[in-house]
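Below are structures written as structure tokens.
First subunit A sits with subunit B, and in the next complex the same chain sits with subunit C.
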Partner chain A sequence: MSTDETGQGGTAGTPAGSAGSHSGSGRNLIQLITPEGERISHPEFDPWVKDIGDEQLCSLFEDLTVVRRIDVEATALQRQGELGLWPPLLGQEAAQTGSARALRSDDFVFSSYRENGVAYCRGVGLTDILRVWRGNAASGWDPYTVNMATPQIIIGAQTLHATGYAMGIQNDGADSVAVTYFGDGATSEGDVNEAMVFAASFQVPVVFFCSNNHWAISEPVRLQSHVQLADRAAGFGIPSLRVDGNDVLAVMAATRVALDRARHGGGPTFIEAVTYRMGPHTTADDPTRYRDANELEDWAAKDPIERIKTLLDRKGLFTDQFQQHVRDKADEVARELRAGCIGMPEPEPLDVFKHVYSSPNSWLDRQQDHYARYLASFGDPAEATSQEGAR
Partner chain B sequence: MIKEFRLPDLGEGLTESEIVSWKVAVGDTVSLNQVIAEVETAKAVVELPSPFAGVIAALHEQPGTVVEVGKPIVSFEVPDDAGASPAGAAPAEAETPKRQPNLVGYGAVVESSGRPARRQRNFGTPAVKSVGTQPAATPAVEPAETKAAETHSFERPRSTPPVRKLAKDLGVELAAVPGTGVHGLITREDVRNHVGGGDVPVAARHLSAVSDAAAPAGRTAAQGGREVRTPIKGVRKFTAAAMVASAFTAPHATEFLTVDVTPTMDLLAKLKTSRAFADHRLTPLTLVAKAVLVALRRNPSLNSRWDEANQEIVQFNYVNLGIAAATPRGLTVPNIKDAEAMSLLELSEALTALTETARAGKTAPAELADGTISITNIGVFGIDAGTPILNPGEAAILAVGAVRKMPWAFQDEVALRQVMTLSLSFDHRLVDGEQGSRFLADVGAILADPGMVLTMV
Partner chain C sequence: MTQMTFARAINSGLRKSLENDPKVVLLGEDIGTLGGVFRVTDGLQKDFGTHRVVDTPLAESAIIGTAVGLAYRGYRPVVEIQFDGFIYPAFDQIVSQVAKMHYRTLGTVKMPITIRVPFGGGIGSPEHHSESPEAYFTHTSGLRVVTVSNPQDAYTVIQQAIRSDDPVLFFEPKRRYHDKGEVDEGLDLSNALPMDTARVLTEGTDVTLVAYGPLVKTARDAATAAADEGISIEVIDLRSLAPVDYATVEASVRKTGRLVITHEAGQSGGVGAEVAASITERCFYHLEAAPVRVTGFDVPYPYSKVEMHHLPGLDRILDGVDRALGRPNSLSGLEG
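Let's turn to the complex of A and B:
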């Protein structure tokens, strides 16, 4: 019934009807750490993470924890009126962290609005992550400083940007890779399909990383696709991997496979990371209206952070000292995030004209002149400006 | 130092939210991000995390109040060196704004150089001053006039259509109401306060009776008037709409049957002591529900739906059995999905779970949707019979009356028997008198002699 056999319990008993079968499909998930925190061997993918030792595992745990903390703090900031909106990533930490940590610094990321964990791993400033969500800027950061484009709000449009960028890499003869992140809902969009057609035609170095979090706002993935999303790639002639998106190690292995293929002229790869959006679509959404509480419970048992915590504990690595270190780090990040958010300077009214054209434009200049004089009509321009900004 | 927390826009472009409950009380010490309240917006019920660490100094709104975005809802006593104030606390809102707002696209159109002319809003002065024709005179007069302007108004008082409607409904002259909103906008609260409600929560506010109009509004408000006005909203509003829709689309017919249910009560007593049902809550309703399910198999037309749009009658081969439940938020009819496939034990479990969930107010929307037939247990209120209104979209509803000891003809003598009345309403478009009667007779036959089930399955 569901698009994964990891147990989307809520739909198991539904009478036969819509998405009854994934005929000829039903691939096993690539998994290296079980939800119970057991490291299981996988002959094909183990070699791709053989360098991940104890220290690296601890570091992954730290990133997962910090990413979750960023998300929770930002959600709270929205509820406190400090952010206009926030798209929580709760539950998707491993899919984002595991893949982002597999990238090289010269790879280029084109993400949706939910990949704030990827942004953190790429080194985007904490305040920069929030800038757009506070409504203080049209874009949060300079993409070229971290090789990650600012988040795309249009569903799936970033896949086209990634494919185009990858065509550029190909023309340059470079061995970097364009990686694009999108959700299960985006696979129903024309943009994503067009991007995959072009990527396959030109065999460009791009990785399509689909975070299947099971819900396109209120639309369940089983309605959108009667086959597993990973199986759609075959229709484009793109090889695909289906990975447990809550297993940070498996995600990392799968991403490395895809990156390696792209770097060596093997063309695009589609990765379906099977995960779950534990929170609302955005802070303006109420998932209890359309989602079964049992389904949430099933996925809570597959939490991405819990399993690696158990694994570390089994290895004797989850010491008090380590826990304290991670807690301190998360607290510090949360503090910095909050302070950066609240202390962000308000934009000036005339800033709206700054990012329209790179060269002077007479029409725009005229509008700016009118607006400036309009503002000046309130008296002291500085005061009028600050009032406008404080709004 | 006191810091105020103003209600933020919790969705995208929401103007108000309802305080559902406070999770803290005045005097409580709270930490940053600790949940302090539950708030219901048009989109969702959300928890509000505290923006400060400190002590709750005041809660400004009662639970159940609809609050405009931007209004202070809670004050914190925080240490003086605590972090910056939230943006939600919009600065300088209380001050008289110096700027006069102008709609985007309507201002600054003049091409000439120098100070652009701007649409002049008159808040007080009669419109005798002409900005265009007497430019020289304007600067000299302006300051005095603008000061005077604040005292009384010549323009239509600034408000919004819903508030104007409210004022009209309450018989309030808007010109007499001081506005406290942005730029003197008259808000819903201003109108209500003007009527004399003060800070009393809307739901509990007593308004004076129309006939008592001569009395000062304040007195009746304080003492409790002759009428209580409660805003129609939430479950009540929904229930009303559903009832009206049902009553005026489906032609209702109601039938009654009074049955000697002593054998059923005996069976119930026996089952209660049996091991299988030891830990289960078994009630007459459980057995009535089972009887309904058995009888439906023989009379499927009562388990159907009139599909007006497609001009089809949909007959269900499953039963989603609705149970009307009185909840803290009003009447709801959650249903037990696929009840026809349940054993008596499963049915009793499902019934218990359903009523407990409903009483706790936690019924999920899915449990309320897609019912196929309903039962309403009026017997718990000591009532015998009634003419229930169909749950919209369903073909039948059975009201179960109280079980009473009554003198009854039994084995050709008058005996004291346990008797119950069943009232069945059905949609006469879907169910003919014959089918309705047969169904009701079947349910009655089972309750009069549970052994009759053997002849029906």
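Let's turn to the complex of A and C:
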């Protein structure tokens, strides 16, 4: 065996590299719609989605389709050089949509960078979703207008913010809930474990929503944990649910159970949504270097959109008219996303100094003044005026 | 005016803040029932309840991280890190979250978090209990870093820090906790010296001596001793380490032409280096000699039987003053 082959084998062929085996043992997934599009009954969870009739199912299908379209369009924009980077959510549409659509507007979301489908459901503007990925701003939206923090890049750090926010909710005597999204890799981070300790000790209204997409860049979930992720919660005294993350209805039901518990003083819940990252970690990643094409095929058969499409078809709801409506909506969203991306105003040079502090800072004011003078030395009148007010 | 210890003055400032603003909450290890290992929060949980003075599990990153979430919710958290050397598990949350959130969110989310840190040595403790980690934080944009040297400032500045909409690292010189001083608890904060300004403590004409935190007392003693030899030292209590009030230091150095800076933290990359460089840039032609640093050594904080060698004392500071004045000193004859 050449050194090359050894290297390849170590990357892709070890037993630890088999991500699929992880979901084969332990407790069963909560599932309400099978991959074949069959609605199966579940006595415990059916009551939580009894209000989801035909109209709501169609609406969820539309959401899933639009979220996928946003993701695909953003990936295309990155490939065309319009975005610096994009973290695709392909395959995770149901986990994001089903949970986000279960929230109340006064619940507060602390997510990672991949929850752009959640952002869409919270009402974040399409252009706002892209600002940070185009590099035009440090973030895209005011968290208080949609009750969702801007994306967190440090893995797992946001789980502590959600827990602290929930401590605040508890102090205020409110019945809203803090919901935090993170991945399977994040469950190894100290912050996530510390967040669960604090959440359990103080019994605060927080939902830990773990999107187990099986891969943390190139590392399979088995490298993070030798038990099912949902089972880790028991060690903290936190009840958990393990749900088919590609089943939008089951995800919604599980999230509603957790939210209801939190609202009524029952404390935190850990949800493991078992899904799959069909694309790369980000547009800078190449998953063919570390994962098996067969695994991708297996998960393609469990696609979150296909199964609800089949269900709607069985119910006679997947009419030409409905399909056209959804297509038009997705096209419109894609057009708006693209136009918003390309038409985004460029930041000004001195924007680099903005918002570091909330009040004047003598060090930074001086640096800004000196840089404004430097820019003005090139004789650009626009820069000369921008130094007004600087000391 | 009331005579009280340094620790009591901080306690009184915290109490005032809890009374004045219902959004102020205290978080930390052992700060509730026990009142803190230094008793700085003594009695506060009893008077304000367990929801405002919170004993937390032992996880520093979580203490800071949950404070971030509370700030998101509109609270004004004041957290205690039990000892300087215990702050590092929280480093990521401080540097990547607390310091950057306002910038990241384009100013929409404020982080009015005060992080209280007992710091410095001279208490005969094992490692991790005597460190001076301030330079890690002065190097981090988005944070304000302050320290105080007397009970009155402790009482005033802790309240200013809590009122600040920016995050503040508040370093408390733990070996001075039991020092007593006069405190005016009726002081109107709006008339107090702003938090980000230095204070000239004793006026002098020959040398500017800059100190902060625990070494301010040592610096004043050095100035008194030097006066006996006819040397006039202007002592400045820096108070704010980020940003440094260079206007005050510069005005002094323009007058004296000489600058000595002292701190317990190691020399390389420290606050003294920054002050020396900035003052040299600002008033090079007013300097009669190179700035002198009298600092701790670039060693891990040493064990207690040798810590007195590490900590700048009165004599070592005076040796530095002699160097600045070109008088005979321990390095006479050495170049550079």
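Note that in this section the second predicted complex is superposed on the first by the 356 of 391 C-alpha atoms of A that agree within 3 Å, B and C clash if a C-alpha of one lies under 4 Å from a C-alpha of the other, contacts with A are read in each partner's own complex, and residues count from 1 in each chain.
In this text, contacts are C-beta pairs under 8 Å (C-beta built on N, C-alpha and C of every residue); 3 or more make two chains touch, one makes a residue touch a chain.
The structure displayed is predicted, hence computed values, not measured ones.
In the superposition on chain A, contact of A:150 is made with subunit C only, not with subunit B. In the overlay built on the shared chain, the residue A:345 is in contact with neither subunit B nor subunit C.
When the two complexes are overlaid on their common chain A, residue A:110 makes contact with subunit C while staying clear of subunit B.
Of the two partner chains placed around the shared chain by superposition, subunit C is the only one that A:162 touches, whereas subunit B remains out of contact.
Looking at the shared chain after the overlay, A:370 reaches subunit B, while subunit C stays out of its contact range. Applying the stated contact rule after C-alpha superposition, one finds that A:283 touches subunit B and leaves subunit C untouched. Looking at the complex, you find that subunit C touches subunit A at residues 25, 51, 54, 56-57, 59, 61-62, 64-75, 77, 89, 92-93, 96-97, 102-110, 141-142, 144, 164-166, 196, 242-247. The residues of subunit B lying in touch with subunit A in their complex are 5-12, 33, 43-51, 83-84, 86-88, 90-92, 97-99, 102, 107-109, 115-116, 118, 364-366. Per the touch definition, subunit A reaches subunit C in the complex via residues 108, 110, 137-139, 142-144, 149-150, 154, 157, 159-172, 178, 190-191, 194-195, 197-198, 201, 354-359, 361-364. On the subunit A side of its complex with subunit B, the touching residues are 73, 76, 78-82, 84-85, 134, 280, 282-286, 288-290, 292-293, 338-339, 342-343, 370-371, 373-374, 376-379, 384, 387, 390-391.
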